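One structure is given below, represented as structure tokens, and several questions about it will come after.
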Amino acid sequence: MTQTTGDIGALLRRVQVMEDKWQILELIAAYGPAVDSGAADATAALWSEDGEYDVDSGMLRGRAELRAMVGGAPHQGFITNGSAHLIGLPHIEVDGDRAVAIGHSQLVLKVPGTTADFRVARITANRWELVKADGRWQVERRVARLLDGRPEARELLGGVGTGSERS
Amino acid sequence: MTQTTGDIGALLRRVQVMEDKWQILELIAAYGPAVDSGAADATAALWSEDGEYDVDSGMLRGRAELRAMVGGAPHQGFITNGSAHLIGLPHIEVDGDRAVAIGHSQLVLKVPGTTADFRVARITANRWELVKADGRWQVERRVARLLDGRPEARELLGGVGTGSERS
Amino acid sequence: MTQTTGDIGALLRRVQVMEDKWQILELIAAYGPAVDSGAADATAALWSEDGEYDVDSGMLRGRAELRAMVGGAPHQGFITNGSAHLIGLPHIEVDGDRAVAIGHSQLVLKVPGTTADFRVARITANRWELVKADGRWQVERRVARLLDGRPEARELLGGVGTGSERS
């Protein structure tokens, strides 16, 4: 192997890691628009077929339960009244075909019966466990806990920098 | 063409796409600081010369109207009283010299007459249509709609993943 | 030097700049989770040994003072009651081993004594001055000012696009 070929091999791996990060960033960035537009299929497709969304308000297992959540009365009530699922800047650590992203999210809702009064309904700690399969990143498990003082929400956020990659 | 030259050509295109994404991310990230600092020229320069900002509160056409918005009494009232135009993580799809970014934004204002009481004044759905000209990305059209339950705001957010690039 | 070697050298520099941006993005993305989980050491490690955090509520000089802030009664009161330090999308400009990131942040707190009533306690203008040492980016100085109408907060946000790199 020549020096040049070796250089290119190393460069290809560095480029691949950054492409992975972009795909993960966009996967996470797609969540808010998907749920707030009521796109049940697009939301479910962010997860793997049997992926989990473990949120304090209920455990969702697999794409069918994710679709049912988006189509269900509580969520439809939010979006037809006015809602924004804002996703904070995630901290992403990639380790081959697995990755962990940690960050905040925020749910802002219109106060029912008002024209344009909004309130912060939730601040949430998130841990996204992601896998790459067939060249595409998906959510294997998302754990989300309300930041209302409960220790487990703080513990979720404490996982930054404990993976194999250091940023 | 040798194998190595071919490899480099493919690699160059992958690197170029990521540079485009960074430039788009930074273009969008520049909006909030530009408007909240009252920088009329810097805000207008994010758009192309005849770019549009189609927001529910009014249609702005071209840089002169963008500059006028930033310099106008309502916006100056916001920023001298205390305001944050927070831009959510955008979902970006690049297709050559064109791109679409979709995401939320949030306007937080100080309640006039208070020292430090803040309220969420808006949650907004955004669709940014971007073009690259002379090596620089600019906003050709930004459509923004209040997330107060109106269907067209949800429809704007529903555009994720419908472009030519899939993430 | 052959054409190919020259190409690779230029490509390596472009890849390096993007790796730098990712590391800076992740450094900034790590701040919110670190403080909201109460991780005093992880928070302090984002700064250089004698780095500064110049915030309107007090000047912190060096890692020991940063650790003390996270461990102190006011901050512990926030996080055991429920808090989210949300970091907005930063605008990053890299110039070799130095960088400047400008953006908003937002502090949302649970209203004490309530189950899940949240309020926006702060909207803040941020300027992060970063340095790369031993291959790792760190915060040399972060200046943060409340967006309550004070001119100096707007001036902090006005620094976008004034560095050597244009996006």
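Order of writing sets the labels: A, B and C. Residues in every chain begin at 1.
Operating definition for what follows: a contact is a pair of C-beta atoms (placed from the backbone, for glycine too) under 8 Å apart; a residue touches a chain by one contact, two chains touch by 3 or more.
Bear in mind the structure is a predicted one, so any value in this text is a computation, not a measurement.
Since chain B and chain C are copies that touch, is their contact same (over half of the numbers shared) or different (under half)?
Different residues, largely: of all residue numbers at this interface, under half are found in both copies.
Can you tell me the C-alpha superposition angle of chain A onto chain C, nearest 5°?
That pair's rotation angle lands at 120 degrees.
Please work out the Cα centroid separation of chain B and chain C, and write it as a whole number of Å.
Here chain B and chain C have centroids separated by 21 Å.
Find every residue in chain A that makes contact with two or more other chains and list them.
4, 8, 11, 15, 18, 86, 88-90, 119-120
Which of the residues in chain A end up touching chain B in this complex?
Those residues of chain A that touch chain B are 4-5, 8, 11-12, 15, 18-19, 22-23, 25-30, 32-34, 36-39, 42, 79-90, 108, 110, 115-116, 118-120.
Can you list the chain A residues touching chain C in their complex?
Spelled out, the residues of chain A in touch with chain C are 4, 7-8, 11, 14-15, 18, 21, 86, 88-92, 102-104, 106, 119-125, 146-149, 154-161, 167.
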